[in-house]
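In the part that follows, the structures are each spelled out as structure tokens.
Both complexes shown next keep chain A, but they swap its partner, so chain B is in the first and chain C is in the second.
On to the complex of A and B.
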């Protein structure tokens, strides 16, 4: 019997016009991990940020994370505690790639965590971070926004599901 | 349902090589992922640049750690590989991800990799870069930057399709 696909495309979308945010909803709970690939830009040098939730995104101060970044010739680390709209990475009018991996996103026995990696040449920054959403609810909604500006038209969001077995 | 992630081609070196090229890349995927397990013949562990469609002009932002320090730089090196001073028969692990490789945008990519060494000195790094070509990607070359990859270094190219 042939094995099922381990790495599957759940949804994909390309923005037809600039937007303040983009939401992926009705994410099925049938996978083990999720990978979200963002390929695009923003209308100015700002940041990509993200909220997650079940049914609707959590806009409360229930997020925390640790960042490692390189900016020009400076390497640094930062923390966000009790954040309401956690950081993904720097963005600019130059196209960049950001990859977010959610582990055990549908497991209702654990708090939700994810890893982000990406970089933006336009803002001379590379980012790596680990975040936690202090909720045991399954993630079925993800909202990406531009912090202080719009996400550019042409930006793509592709969500993959990874099955453990 | 077709596979989302498919092996396009692979190369395993039986002798040293200064570069590895994957050409005639089919245009039927969305993203590309190149996974390397490599070792260099020389004593430098900073090796590897990437060419897309033969274009060498690229710039990238790199952050890397050595086990005792962290640095941020702008350079065009896309590879942190085990040198011949590292633990015998040990290879680095790295990945280069090129998103939307058939688009008419300049090609941005993400690199991450680590050396493996039973010693206090080892490297882990991550980079974001861009290659200034708006043509769809039909070839990818990874070069050992003045050095050569040793035998048993492996290179796997995967295609990822979003629909």
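On to the complex of A and C.
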């Protein structure tokens, strides 16, 4: 079996000031999967949300997701259908980390599936989810936003590419 | 802490600290239907393994995953799952069992065209002959009103080093075109 170096940093950025959103663009299509790591906070107790697209992000109702979450002694499952700005995870003024795995993001024969896991210190919530962007377009643009509030200064976004043999 | 998570955080600090620590071993990408995929002669030179799966089947309503190690078909596996179907949490487990199992794991006929499941399985310390083998798996798919997300811990109750992994639909149907399973090795 062949082997090779395969886990590369594509881009990384730290917000120098609070912002309503952050966009990663011109993502190369040369990897198999992408991993986006978000580490930071928001200016109030809200949520991180995300849109993806090719050239520009899709703002239409083309997203759906299945969620599993837990906080304190509560566990639950939820769903978004025909969403326009899909959920990533809970966020607060404390700190949260979310890892999003985009599978076969550049394959133009398939719909786009990603898995997200994360947790937020302020709300003590953990989130797991599976989402689908109902498009066969390759993802080369990702926009992260705070749902109803700004993303805090100091929040980092790091994008990795994984190459299969 | 998972070595995968450690590596991600390390890479986020500066540069690409993970160069050559996470290596692609082999990848199967289907150009047509297949009843299953097997990784054989897995090298012993890594510390941990990771399977990254992107799957669709042809069974109406989807199928479960059937994962075995070293061709062991005995009841030497166990797993516990925390799942969500969009309305309910669904914890379940089984032991002993004949394979690592993913209930209603991946989509099939009747789901949106082009919809695939995503799954990531970490196999920890796969070469250690003093331990039974432990796996953790994160997986799911969404069909805009259907689907599931699951987090699994499992065990192969055998101390043998893993050199063979087979992944197949449980009910004997097929994985379809564009399905892909990639095996990676992580150096410790």
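Points worth noting:
Please note the rule applied: the second predicted complex is superposed on the first by the 161 of 165 C-alpha atoms of A that agree within 3 Å, B and C clash if a C-alpha of one lies under 4 Å from a C-alpha of the other, contacts with A are read in each partner's own complex, and residues count from 1 in each chain.
Just so it is clear, contacts are C-beta pairs under 8 Å (C-beta built on N, C-alpha and C of every residue); 3 or more make two chains touch, one makes a residue touch a chain.
Just so it is clear, the structure is predicted and the values come from calculations on it, not from any experiment.
When both complexes are superposed on chain A, chain B and chain C clash.
With both structures placed on the common chain, the touch criterion links A:117 to chain B and to chain C.
In the superposition on chain A, contact is made by A:39 with both chain B and chain C. Contacts of A:94 after superposition on the shared chain: chain B is touched, whereas chain C is not. Of the two partner chains, chain C is the only one touched by A:163; chain B is not.
In the superposition on chain A, contact is made by A:128 with both chain B and chain C. In the superposed model, A:136 makes contact with chain C only, not with chain B. Of the two partner chains, chain B and chain C are each touched by A:9. Set side by side, chain B and chain C differ in how many residues of chain A they touch, and the one touching more is C. Legend: residue contacts after superposition of the two complexes on their common chain; A:72 is shown touching chain B, with no touch to chain C. Of 37-45, 55-63 or 91-99, the segment of chain C whose C-alpha atoms clash with chain B in the superposed model is 91-99.
With the contact threshold set out at the top, residues 5-9, 12, 37, 39, 68-69, 75, 99, 117, 128, 156, 158, 160 of chain A are in contact with chain B in one structure and with chain C in the other.
On chain C, the positions that touch chain A within their shared complex are 5, 7-9, 11-12, 15-16, 18-27, 29, 39, 41-43, 52, 54, 82-90, 112, 114-118, 120, 138-145, 147-151, 177-178, 180, 182-185.
Those residues of chain A that touch chain C in the shared complex are 1-9, 12, 32-33, 35, 37, 39, 64-69, 75-79, 81-82, 99, 101, 103-104, 107, 109-111, 113-115, 117, 128-132, 134, 136, 156, 158, 160, 162-165.
On chain B, the positions that touch chain A within their shared complex are 1, 3-5, 30-31, 59-63, 70-74, 97, 99-100, 105-106, 108-110, 112, 126-130, 160-163. Against chain B, the residues of chain A that register as touching in their complex are 5-9, 12, 37, 39, 68-75, 94-97, 99, 117-121, 124-126, 128, 154, 156, 158, 160.
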